[in-house]
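Shown below is the structure under consideration.
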């Protein structure tokens, strides 16, 4: 399971392939990829905490929201330049998330999922009630500074961000730390019984997850140019993030990316044929069937297919 | 492996969307709400009529749709889809406020001529004031909410105070930016202008299940009537008002009461509710041209909404005006030319020899005399009787307990009278 | 690498049940003690309290004079005491080598990231408990009960203990495997490891210990050489269930 | 004061009915059914369709809604819960996906405009300044009756005791000859029925709209968290805590903070007592 040269070659090929896309595909497709990139970032973030350690978060938009709102408020209300507000937003997500969720990390299993769901709901209600002059209340904020203009630039920016986050996460998870985090997901007591401080490990997983969520969330609002609490702290958004990670393959780095691209393109490609509510019905239905068929995700199915082909060839 | 599949399928879509010589109109809005459907169908009917008459500049118009699900992010994706995959020439929008705000940065980027038919958010008009160049392709053919609220204060003075004799009010406002804005206008306008004392402002959460404690609180203030400000889930508060038979009059803004389905959707638990509405509203007497539009509409569609909401009219007339502007400007490509041609569009509809409805836009310089500000690219409206410049920015409608609905204010447009629900003594 | 464990007046109650009743025990460095008693006598609870998985109500536990009571499990393991579990707890989706790797990790996030695994040491530990080299990449689901116990031993040894607590290491093992593990324990004893061993398999246990301690209802009832303890009237009675 | 008491009792009764079906599945199957809110959604819309659009008698509307809920509960158990074999996280996620699918289905059939249900019993009584609509009173009384009947069922019938046994110790129950699969199926059926009926009452309190499954789910979650893997009586008590908290916040503090305290309660309780306030292992 160590690092091999072909791992890096594959990453390089993946990156090169991605960066070639603007030459091949129409701009509309690039726009779709941009959303897929952001979803991939959120799914990787979710997976760093939940996919690895098994602490399933149903309130991930809570973290994304801290990052998004911090930079939105700083740039919109205090005219802080984006270069400063985004790092601050990331820091705020890590610190804020830690303060609030630290006590929650001692809660296990389904209760952890529920408390994170409650956090998200609380944040949703508080954002609207407390200082609406800052948060924009229910309506949110619009006219935020955007980082790029045009599909191609947006594509390069989001792809670079997604690839660097994915690559860093992958490297980190390849180390013994990654092994230890996955071990927590399999048997938390046995990790403690191996002399490792589980609380500290969970904290690291959480901080890494918050870092990615905060960074993704902050850049995302500056891509969208607006922020709306109703779309952000929404159980449908949670659903999309979790399903992307799971459909792709939780506990891996490529899985969430694969899942994010699959879901985003599924939804976009249904649009010309089924513009209305049918689209979401099919989208959800496909997700449900895929998940029920193989909870380990597309990456596992693909691996299985490869193994079968190899067996057939041998 | 997936990458290749992905490339293959994108190539297919690319081929499918390679446009032939035609004018492409994109609809953005919810495809499953009455609001969204009103705009969509208004646009469809206008396109049908234009195509039957030979199209625009010799080309046929085609309509593509992008659903927003009333979700901001989906709205951004939808606009991008229309702009980049469908490469539309013109966008007609039935989006709600937040969704429009979400895709506006995209519109500024792509510079596609766009007409909003539902949102009345004054902040967008302010954007036109601040950035006339970037917002040149944008038009809103509904009176902005500030104009709506300003005329509404007159209703307070002329009806609530003068006719009903109400001296004091308790405001029940939802906890949204809209609620806050209207509440501000009411407390700063209604009280001083109409001479009605504001006893208390109660703000409620839009997820509220049970309004009983809130109504009790309102009753205990001893005010003469309740002023309701409710755009989200507004049927809940109004139907509980009816179910609880709250012994006070209630009026204000109730967005759900704007459609003809209100009666059916509330199962009749909506009598006595009154609300302001942009025009033409349900219960609004129509001029012959608009009446024909409604008749054709009802002949064509048999699902809800049975009667287009105000934005359906806006879409129908607005789309025709956008196409006329394109004829003048030689298409949609030269945005500046199209924008100034659009600004000059002016459609006057008369009823019984009186100016009844007017579809046109405020220019950059004209100052509206009552509010003393400009409304560039916003629909023309009139805030003073006898409404000979344009139609009033809004009317007040009231649902009676027998299920009929009519306009109660302004008097020039009224066809019924403001009454109290039967259980209010 | 020997350790001295000292338990004084340990008391633990679960509701109305007294699981550990004023239990004291000294284990001198390098010695090996067998902890015996009928089912439910409180043996595993004592293990759990030594490891900090269960907090005692009162009493002290010290390793080489270091008071363990305020320490979390991980810190106790770093102090030099480690245990195996009656029911093996492997990481289900990790290979044998990776399971051992978790045990070998330092409790330091930075060195976890900066330093790679040590495959030689993993192999050495795996071989020492009797795995073959080609079993290294096997998943726990492909292993027998005996193999799982061996894996448990290897991971425990990987934490570098000076004292090991073995909980029913022989249950479910074949005769050959029992001999194998016994040999391993004997070798570690020779190297100075201190042991506290719980086993129902008294025959296998006897040669591994210097001394036996019997408990019933959480109370110490006999302490001394194995034969003496086994002939103690109270011990015999406890096994008959009176 | 009296009006707060009356309004609190009415709302709490409804909340108890909403929560109990969710608690039941959680205690018997140890499974969080995140599609629980969808029963309320389906129940509410079914009632609207049968009683309001087709004009069937109201009682028939409630009955048909309940039957539909029961069927959906059974189908859900057979097709989703059982194949996932007690993998809690997988079931939570699969049910979450299902809820979103059902929401889209409702939008497809009914559109996404909200609808208001007719009062089940029209009319209103005014007591001490508090209006008591007969419909809400009926909902509260019905919910008490249903809960007591359920309590009686669990305590006295053979099936009920088997449910208790499974909830305490599934393996032990299996050894003593309880068919856990059958008990689970019955539990899911009851939960579905209760959810759908609660949906009719909930919708008649507020409105019907496709996103209406989230709010009751949060209420149910709150009750389960605060009550622990609770007893029916525990559910009843906690539903009153949550309901009164809401009414009192509206009446004495500020109506817009209505939901905030419920969330703080959930988080606070979980952080302080990770197993809930009344963490008992029985139904």
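Each chain gets a letter, A, B, C and D, in the order it is written, and its residues are counted from 1.
Simple rule for what comes next: a residue touches a chain if its C-beta (ideal position, glycine included) is under 8 Å from a C-beta of that chain, and two chains touch if they have at least 3 such contacts.
Being a predicted model, the structure only gives us computed values, none of them experimental.
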- Item | Target chain D, source chain B, minimum contact steps | 1
- Task: Chains touching chain A and chain D alike, please list them.
- Result: B
- Among all chains, which one's averaged Cα position is nearest the averaged Cα position of every protein chain shown? A
- Note on the structure: Relative to chain D, the most remote chain by C-alpha centroid is chain C
- Note on the structure: Larger contact count among A-B and A-C belongs to A-B
- Item | Distance from chain B to chain A - Cα centre to Cα centre, in angstrom | 36
- Please compute the C-alpha centroid of chain C, do the same for chain D, then give the distance between them in whole Å. 48
- Message: Quick check: how many Å separate the C-alpha centres of chain B and chain C?
- Response: 74
- Between chain A and chain C, what is the separation of their C-alpha centroids in Å? 42
- Hunt down the residues of chain B that sit against at least two other chains at once, touch-wise. 32, 69, 175, 205
- Residues of chain A whose C-beta touches two or more other chains: 125, 128-129, 236, 276-277, 280
- Provide the list of chain C residues touching at least two other chains, using ranges where the numbers run on. none
- Query: Linking chains that touch, what shape results: line, ring, star, complete or other?
  - Reply: other
- Query: Pairs of chains that touch, anyone?
  - Reply: A-B, A-C, A-D, B-D
- Mind listing the chain A positions that touch chain C in their complex? 1-2, 172, 175-177, 179-180, 182-183, 186-187, 189-201, 204
- Message: Using the touch definition from the top, list the residues of chain D that touch chain B in their complex.
- Response: 3-4, 7, 10-11, 52, 107-108, 111-119, 124, 129-131, 133, 135-136, 202, 205-207, 209, 215, 246-247, 250-251, 254-259
- Query: In the complex formed with chain A, which residues of chain D make contact?
  - Reply: 32, 79-80, 83-84, 87-90, 92-94, 96-98, 100-101, 103-105, 107-108, 112, 214, 218, 221-222, 224-225, 256-257, 259-260, 263-264, 266-267, 270-271, 274-275
- Task: Under the touch definition given earlier, write down the residues of chain C that touch chain A in their complex.
- Result: 51, 53, 72-75, 77-78, 82-83, 85, 89-94, 98, 101-103, 105, 107, 109, 112-117, 155-156, 158-159
- Inside the complex, what are the residues of chain B that reach chain D? 30, 32-34, 69-70, 175, 202-205, 207-210, 212-217, 219-220, 233, 235-236, 239-240, 243-246, 256, 259, 261, 265-270, 304
